[in-house]
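The structure follows.
Lettered A, B, C and D in written order, each chain numbered from 1.
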Amino acid sequence: MAATFGEKVKVTVFGQSHSEAIGCVVDGIPAGLSLDMDAIETLMNRRRPGSANSQADSRTITARRETDQSHIVSGVVEGVTCGAPICAIIENKDQRSKDYSQFKACPRPSHSDYPAFLKYGRDYHDIRGGGQFSGRMTAPLCFAGAVCMQYLAQFGVSVQAKLVRVGGETDPEKFNSVIREAASRGDSVGGVIACTVEGFPGGIGDPIYGALESRLSAVLFAVPAVKGVEFGDGFSLSDAYGSQVNDLYTMDEAGRVVTKTNHNGGILGGISTGMPITLRVAFKPTPSIAMPQTTLDLDKQCEVEQVIGGRHDPCVAVRAVPVVESAVSCVLADYMVQYKGGK
Amino acid sequence: MAATFGEKVKVTVFGQSHSEAIGCVVDGIPAGLSLDMDAIETLMNRRRPGSANSQADSRTITARRETDQSHIVSGVVEGVTCGAPICAIIENKDQRSKDYSQFKACPRPSHSDYPAFLKYGRDYHDIRGGGQFSGRMTAPLCFAGAVCMQYLAQFGVSVQAKLVRVGGETDPEKFNSVIREAASRGDSVGGVIACTVEGFPGGIGDPIYGALESRLSAVLFAVPAVKGVEFGDGFSLSDAYGSQVNDLYTMDEAGRVVTKTNHNGGILGGISTGMPITLRVAFKPTPSIAMPQTTLDLDKQCEVEQVIGGRHDPCVAVRAVPVVESAVSCVLADYMVQYKGGK
Amino acid sequence: MAATFGEKVKVTVFGQSHSEAIGCVVDGIPAGLSLDMDAIETLMNRRRPGSANSQADSRTITARRETDQSHIVSGVVEGVTCGAPICAIIENKDQRSKDYSQFKACPRPSHSDYPAFLKYGRDYHDIRGGGQFSGRMTAPLCFAGAVCMQYLAQFGVSVQAKLVRVGGETDPEKFNSVIREAASRGDSVGGVIACTVEGFPGGIGDPIYGALESRLSAVLFAVPAVKGVEFGDGFSLSDAYGSQVNDLYTMDEAGRVVTKTNHNGGILGGISTGMPITLRVAFKPTPSIAMPQTTLDLDKQCEVEQVIGGRHDPCVAVRAVPVVESAVSCVLADYMVQYKGGK
Amino acid sequence: MAATFGEKVKVTVFGQSHSEAIGCVVDGIPAGLSLDMDAIETLMNRRRPGSANSQADSRTITARRETDQSHIVSGVVEGVTCGAPICAIIENKDQRSKDYSQFKACPRPSHSDYPAFLKYGRDYHDIRGGGQFSGRMTAPLCFAGAVCMQYLAQFGVSVQAKLVRVGGETDPEKFNSVIREAASRGDSVGGVIACTVEGFPGGIGDPIYGALESRLSAVLFAVPAVKGVEFGDGFSLSDAYGSQVNDLYTMDEAGRVVTKTNHNGGILGGISTGMPITLRVAFKPTPSIAMPQTTLDLDKQCEVEQVIGGRHDPCVAVRAVPVVESAVSCVLADYMVQYKGGK
């Protein structure tokens, strides 16, 4: 269950932060889609540490160098999908496994270390670099998302996310200073990413357990550090009155049925209305901070002071922007393939 | 996909607001569980309109009378589960279908009417009482939840939700007055429900796409009017610094590994830590309000003023408390059955 | 997992032989299908004991009277599907539970009794009438199949099965005498049912694990007493040479690509070729026979002689003809809904 | 759906015969399993063309050289599973793509060519070497099977298959001569493989749609060239009387409940009885034969004579023995993981 999601478009990811390679299998993309490899790489580069990031300067992200060159080994012939599962491999390099051995005894606060010990056993869990829980595992998701985005683009569907809040600050001009300030203290900071989908047809989705919100949130919550997901006005709707936030229907110049507002984020009853789909995703601060913290030594059974070395993003939300776009694209491509039908 | 969720404990719901009956099939509950029918009815009554509700007086909920008497037709022999799927039927009564015919031409703002027309066709969608999108469809979910809650209770797991916010008000003493005030204006109001799970073992869940948050949110977002879900401190984590919200490990008197705080809501890396699982769910205001609203007449293709009659909850969140408990219980029972294994 | 199958058309069955009712939920049938209730009843009557059966006279089937009147409680409005899950209930009557108590100690040979004891516990398994393992549970499958058959018929797809072999006899004229002869000795006899699907479009299915044969066989093997499934010439292909059984392509008068023979039963690589889909299903003899047999008394831990009373079909294959048609129709309707796509 | 199967142990395969690589992802194998890489390679070698095969001499299998060296890139640390998905890559070499271009116009009889054209489009389907339909795609299944077999072995479960029938011949001594004789004529021949599982506990499986036969047959029918699957005495049960084939219970010296015979192949009601699980799989003759055949030229729309060059197995069943063992092992490991439960 862990590694695969989707119904007709099924995405399976594999790998650990320090395994020989990571990657994914994207099954169900119709044959005949010409893949723009540059566009795939561009999206993956936005996630890659050490890259020039659309919304962050180099000082706000980890100094770690990851080469996220994805290599397609199946499912594509001369740049065009053939209907077979698309497998992409990303080799792992620049690993510094020595950094991690100590955490077998002393789990890092707010990391997956401790629950992973309970689940897999301390002797067996691959803790190096966070293992299969590493943010690095979002790289294959970005590959899958980039492919799905290109599938959706054929039908005029676009998916765009951006960082809208960092440590409570909502002025994008100030995001970098907030992040640098946190980093300078050896601290980390959280953020919120907003995503908007344009051009997704109305009437797609399922009531109850097949709701667009259900399937979108399921994949978004699989992204490391995500602790909240809301659609449309989300939590602020719970503070409002119906008369303030009901979206009234009208007809636009083109004769399309539209709503005057979009407080519901383009989804009603789990089904798309034809208005833009809007959602927001809350990321917690990176649990790895340079400041000393106390944790428990599981062997000595006493509290110890711990300093986490290594190179970490002070704000994971910065690089998660293309990850959110990818998660959303994979889910919507799945709905679209089912909507389009065909053999 | 719409009607069924779960892996080993599979819940399938059926029915529309005005179909002859609604109900559910709960498959995968181990044989040998003695069901406390009174406890099931008690939980369902908390959801039922016109009932004395734990947190709301009779004036704050719809005057509509629903008889939510569930009737088990399979899977239980002399009060004990036999391992066969448990099917419970709830008859629909007190239906006033005449109230709904008009909305075929004029979709109600922020209702499922319009997207349902796109999906099923205006001629075919059963719009009466909201059809399969009705809040009434949470009754069978409560039956399933009550059964799962009893399964979980055997292992010391308890699931409890409560209304923590109504229209921005956080003092429970004032919830009823906020709701009555909205109702008196013919308006509705939103709310937030918080849920806490005690006693769920650590180490359960799956990384990535099998994350506890993923599967919990998927079912919670299937509940009508839910627009946001967060775990632990949720969205407020995005405003915080790592040094403020990392949960530090220590050992309690009983020698159990615990965290000094629980900002992460008992889940790290998608896996339970053994600390209480905490989550919050945002409900939008009831879209049906007595105040006149403009909408589009799909036949005349012009805006019209609409007044929605009938009997509606001014705040759906009030009765959704046991629904949230039920959704959470169904998902956690599924994980627990898999954890326990057995034939 | 036990009670539900299908991807977009999901069928969930519930009930035990002697529970208050049995039934099924059919989810995913598109809105707008006018159901012919008489046709549904006709198909179900072909399965019903004590009915005039297309291929067997009244003496060859159990004297037990089952009233298989299915009652639709949801998903259908004025005879037309509305897109909501269709739930049909069949009440259980004419139950003689007293007949079954003895088998708790002494499992019937070749019945599900013993493995069900291991799985559910002797105290909890509902053994009455075979419980959830009863052939009676094929009644709801027939309801689902009848609905799916009507969906398929819209596209010119027909599904027809017939009994082609009984106790080694292949002359239909002699089936009844073979069965009566076995019955007269208090014995039972096996049979083979052949099914042919006409009009199913080519190009539908999936390679490898989504193969038509995979999904068809999975549901067929869920029918009680089925022990073998083959497609096209099936097992006899293993005795043949390629030059004898390769299906050569040509073009018919209408310019359609066809094969001169159909040894592969209309499926290659898991995908339909456009030729008729043909399959055969092997049913074992009814395990319940009137002749005395030895079995083990689990309490006394010794062998005992057992005589199984009650009313049983001497040849379950006789009434399984519509069940095979139903199983095939459910699976093919699922593929067809996915092929047709749409909202 | 095509590329993935399983519930808790999920196997996803990828690749085409002539893609850069093929492989699989095995998700759900518990952490802590020490993998015997030699045993994995040994099983894969039994499938590999050009290898010394347990039951066939080199003249009876294709001269094609495949290097099936599997390379694990994730999920295993120092030879031990860590709980992360196990991905194995097998590079494709020795490809002769030029051989296949002609078949775009003239589909090979009884091959997947034509239905694949309908499904993926002639322009897009990767026909080289059979693409994703190639028997070569059973190599990753063998890797997955070998891993699952080692998981099962911990619990004393063994899975063994053998060739029991070739072209109607049942004397193993004569299999090679039958195959060589067919090959000498440029023909191919079918065969039957029997598989026996020892040590699988009783009480595992699910009634109805989760039946052992359902899930086993679904994966077995996904193996190229399989056209029939039967359990226990299978089709011959349909020729028998109940009194002849009912399996009578008794107790063995060790006090275990056993049956005196095993006509039902260790499965009743879809659940294991504790007796050996036995099944038989029918393979059709290799569709590729050297003898000239007529087929349709889809462009010229006329029949043409076709001679298929290249190197093919005269009897695919020979190399399918480890494939059948692997398919069975994957399915049973999935049931076993669920039975064992745990975090």
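By definition in this document, contacts are C-beta pairs under 8 Å (C-beta built on N, C-alpha and C of every residue); 3 or more make two chains touch, one makes a residue touch a chain.
Remember, predicted model here, so these are calculated numbers, not experimental data.
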Smallest number of contact steps required from subunit A to reach subunit C: 1
Pair exhibiting more inter-chain C-beta contacts, B-C or C-D: C-D
Mean-CA-position distance for subunit C and subunit B (Å): 37
Distance from the mean Cα position of subunit D to that of subunit C, given in whole angstrom: 26
Residue numbers of subunit A (touch at least two other chains): 1-4, 7-8, 13, 84, 116, 118-119, 132, 203-204, 207, 343
Subunit B-touching residues of subunit C, taken from the complex the two chains share: 1-4, 7-8, 10, 12-16, 19-23, 25, 27-28, 31-32, 72-75, 77, 80-87, 89, 116, 118-121, 123-126, 131-132, 343
Partner subunit B, residues of subunit D touching it in the complex: 7-8, 84, 201, 203-204, 207, 338-343
Residue numbers on subunit C that touch subunit D, as the complex places them: 1-5, 7, 13, 107, 109-112, 114-119, 132-133, 137, 165, 167-168, 182, 185, 187-192, 202-211, 213-215, 217-219, 221-222, 224, 226-235, 237-251, 255, 257, 259, 263-265, 267-274, 282-289, 291, 293-296, 298, 301-303, 317
